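Paired with chain B in one complex and with chain C in the other, chain A is shared by the two complexes that follow.
Let's look at the complex of A and B:
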C-alpha cells in the first residue's frame, strides 16, 4: 500500500504540472517560480558565516561550545614507541644459551636428534648410560622426546624380572656417557614404542647383551685402542 | 558560609553580585548551593571525650600500617613466554623455570599520598596503536610524554623514594639474579566447571540407584533447622579459572638485559603470552639495591 501511495504522490505532482501549463499558457507566458518538480536542483551547502574578527572575550560565552575558538581541542602529541626487544622467541634464546654450555661440541645433540642425523640413537635401539653419580643404566629406547635442552630418552629394562623404566635427561651434567649397545635390526614404524610394555612384545632383560658388548669392547680396547663408541 | 567555598573565595568582590540579602558589617552573604542532608550526621555522645584512641581510617594511618608490607621499589610488567629447564651447575639437578620477557616497559605516572592517598608507580608495557586507544588514555600518555602502551598497571611502593622518574625505562636488570619476586597473573580459564572439577567434590555413586547425578553435588544445605536456605558462599558449579593468582617467593635465575628476558624458578599461573606482574617478594628481605637505582 505504501508503495502505491508514494507513486500517487508523484503523479499528483505531474497533474499539477499539466494543469498549470494549460491554464497559464493561454493567458500569459510568465515563467513559473517555485513550481514543484520531479527532481530538485542540487545546491551546495552554504558556507558557514565566518567568525567576526577581533571578537571580545566576553562574547565567547554566547557562542555554542563546539564553535568557540578558545575551546578548540588541542592536538595530542603522540610519542613514538621505543625500539622493541630483538628477541622474538625468548624460550629458544634461553635454551640455546643452555645448550652452548651443556653441549658445546654439539655431539650429544647429534647423537639424539634422530630426525636430522642418520647415525643417531633411534627408538628400538639398546643404549647404556653412565652417570657421574650412581650406577649405569642400560635399556631399550622406547621414545626420544626432542625438546632442546630438555631432551630425554625413555629406557626400558628388566631388573630381577621386574620391568623398569627410566627417563634420562640427555643434556643433564650428570650423564657422563651414552653408548649404543645394539641398533635395532629394522627401522621401527613408530616413534613411541609403548607397545613394548605388553608381555607379548616385552624384550625382557638386556643384561646379557650389555655384558657381551662390554666384553667385546674391553677386548678391542686391549688389542688396539679402537672401536670405542663412547661419546 | 557554604563548606564548598573557601574563605579566600568568599572575600572576592565579584561574588557580591549574588547577594540577595542585605550586607551586614561588610560581610558578603554567599549563596549556598549543592545537595545538603536534611539530617546531618551527629557525633555520638559516647565518641567524644579525652582518652579515646584516634581512629585508624585515614590514609596516613593506612600507610603506617602497611609500612612493613609495601615494597620499597616498583615492579615490572612481563609476558610469560613459556617454561623450560635449567641445570644447576653444582649438583647437576634440573630446575624447572619460567621464561618472562619485558617489552618497552616505562614509568607512566605516579600516585602520591597527597593527591591519591597512597604511593604507587604506574607502569606501562608494550605498544598499542593510538587509533585503538581511547582519547582519555591517549591524553594521559601524551601528557606524561610516554608512548601509548598496551598494558598499564600500578605497583605500590612504601614512600616517595620508590617513585621512579616518569618516562624512565625499566629493563630486565631491574631484578638481580638470586633475589626473590612475587608473580601475579590470571590463571588459565576453565569455563563453566562442575563441582568435582572446581571444588574437588567427591561426586556421587556410579550405581546403587543413583541416576543422572553422578558428578553433581549432593545437598546444598540443611533443612528447616538450618534456616531452610542456601548459605552465602556455598560451593557450586560455575566459572573456573581466569582469576588472579599470586605465586610468592620465586627465585630469579637468569637476567638478560639485551633481550629483556627474566628466567624465574618454578611455574607461574596463566597461559603462554599472559601478562605477569612481578615485584620484590614480600616475605623475603628486600634486595640490596637503591629504590630508584637506574636500570638500563
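Let's look at the complex of A and C:
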C-alpha cells in the first residue's frame, strides 16, 4: 500500500515524503476517489508545538496574538442539561389541578364529557343554564368544546324571534346549575350542528319546552314541599 | 362589526325600519353593541300597520333622515368578562337624539346587556328582554 502511494506522490509534495510510513498507512486506507490533486493527499494534522517555557516577558509582545498563551481563546462553558421534568405532561397536570378546584365532585365533567360518559349532554339536546346573577339561558346545544377547564357549550335559542347564541364556559364559577330540559330523540350524526342556524333547519324558540319542563319540575317538587314557588 | 354601509334593523317605534350606518363615532374600528353611530333612514315603517291606528304618533323620522343611533344587537359575537360569548342573528339599533335619549318610546326585540355599562340603561329598561 505504502509502495503504490509513493509512486503516486510527486516530488512537489515534500511534506508527505517526510511523514512516517506507519502513520500514513492508516490515513491512506481511505480511497482517494474524487480527489484531483496529488498535493491534496491526506496527512494527519501535526501536533502543535508546545509553547516554550520560561520565556522572558519582553518577548511576549513579539509573538503573534493568536499564539500567545495568555490571549488564547477561552474555553466554551458547557451548561449541563436541566434535570428531567418531574411530570411528563405539565399541561394535563395543570388542567387536573384547575378542575379539582372548579369541579371538585366531577359532576359537571360527567355532564359534558360526551366522549366518555353516555349519559352526558350531547349536541341536539336542550339545556338550561342558570347563572350566579340569577338570569337563566336556555337553548339547543349546537356544539360542545371539550378543552379541559375551558370546556364550553354553544347554546342557540330564539328570543323575540331573533336568534341568540351564547357560548358558556361550563366550569365557570358564574354558572350555578345546568339542567337538561330535553334530550334529542335521535342521535345526531354531527358533532357540530351549525346547520341548525339555517332557517330551513332552525328549531325556533325553545322557551315553550323550557316552561313546560319547569312546570313539571315544580309540580314534582311541590309534592315534597309546597309553597316553594318560583315566579 | 358595523361600519360604513352596514344596514341595520331599527327596533324602536320612531318610524324607521331599516337604517344604514354612515359613521362610527368615537371609534376607529367597527362598531359593536353599545357604540354610537350615525345612520341614514332607508326604509320607513309602513303607515298602515303602526301609525294610522294611533295617528297622534306619526313617524318621527322620514326616509333620508340622518340620525344618531346606538347599536343594541350585533351579529359579531362579543365576549363577556367571564369568557362567554354572545351573538345575535342580526344587527339592530335604536335611534337617539344628540343628547343620547331614545327618539322612540317603545322597543320590540331582545337587546344585549352590554348596554348597561355604557350609560344606555334607559334603552335597556325600554327593551322587553335582554340577554
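The rule is simple: the second predicted complex is superposed on the first by the 139 of 231 C-alpha atoms of A that agree within 3 Å, B and C clash if a C-alpha of one lies under 4 Å from a C-alpha of the other, contacts with A are read in each partner's own complex, and residues count from 1 in each chain.
The rule is simple: a contact is a pair of C-beta atoms (placed from the backbone, for glycine too) under 8 Å apart; a residue touches a chain by one contact, two chains touch by 3 or more.
These numbers come from a predicted model, not from an experiment.
Of the two partner chains placed around the shared chain by superposition, chain B is the only one that A:85 touches, whereas chain C remains out of contact. With both structures placed on the common chain, the touch criterion links A:174 to chain B and to chain C.
In the superposition on chain A, no contact is made by A:46 with either chain B or chain C. By the touch criterion stated above, A:104 is placed in contact with neither chain B nor chain C.
Shared-chain residue A:95: touches chain B; no touch with chain C. In the superposed pair of complexes, A:54 makes contact with neither chain B nor chain C. Once chain A of one complex is fitted onto chain A of the other, the partner contacts of A:137 are limited to chain C, with no touch recorded for chain B.
Touch criterion met: A:166 reaches chain C, while chain B stays clear of it. Legend: residue contacts after superposition of the two complexes on their common chain; A:149 is shown touching chain B, with no touch to chain C.
If you count the residues of chain A touched by chain B and by chain C, you find the higher number for B.
Overlap of the chain B and chain C interfaces on chain A comprises residues 150, 169, 172, 174.
Those residues of chain C that touch chain A in the complex are listed here as 73, 77, 82-90, 92, 108-110, 128-129, 131.
By the touch criterion stated above, chain B contacts chain A in their complex at residues 81-87, 89, 92, 94, 99-104, 106, 127, 130, 135, 138-139, 141-142, 145-148, 169, 254, 256, 258-261, 263. Partner chain C is touched in their complex by these residues of chain A: 137, 150, 152, 159-169, 172, 174, 197.
Those residues of chain A that touch chain B in the shared complex are 76-87, 89-91, 93-95, 98, 102, 132, 148-150, 169, 171-174.
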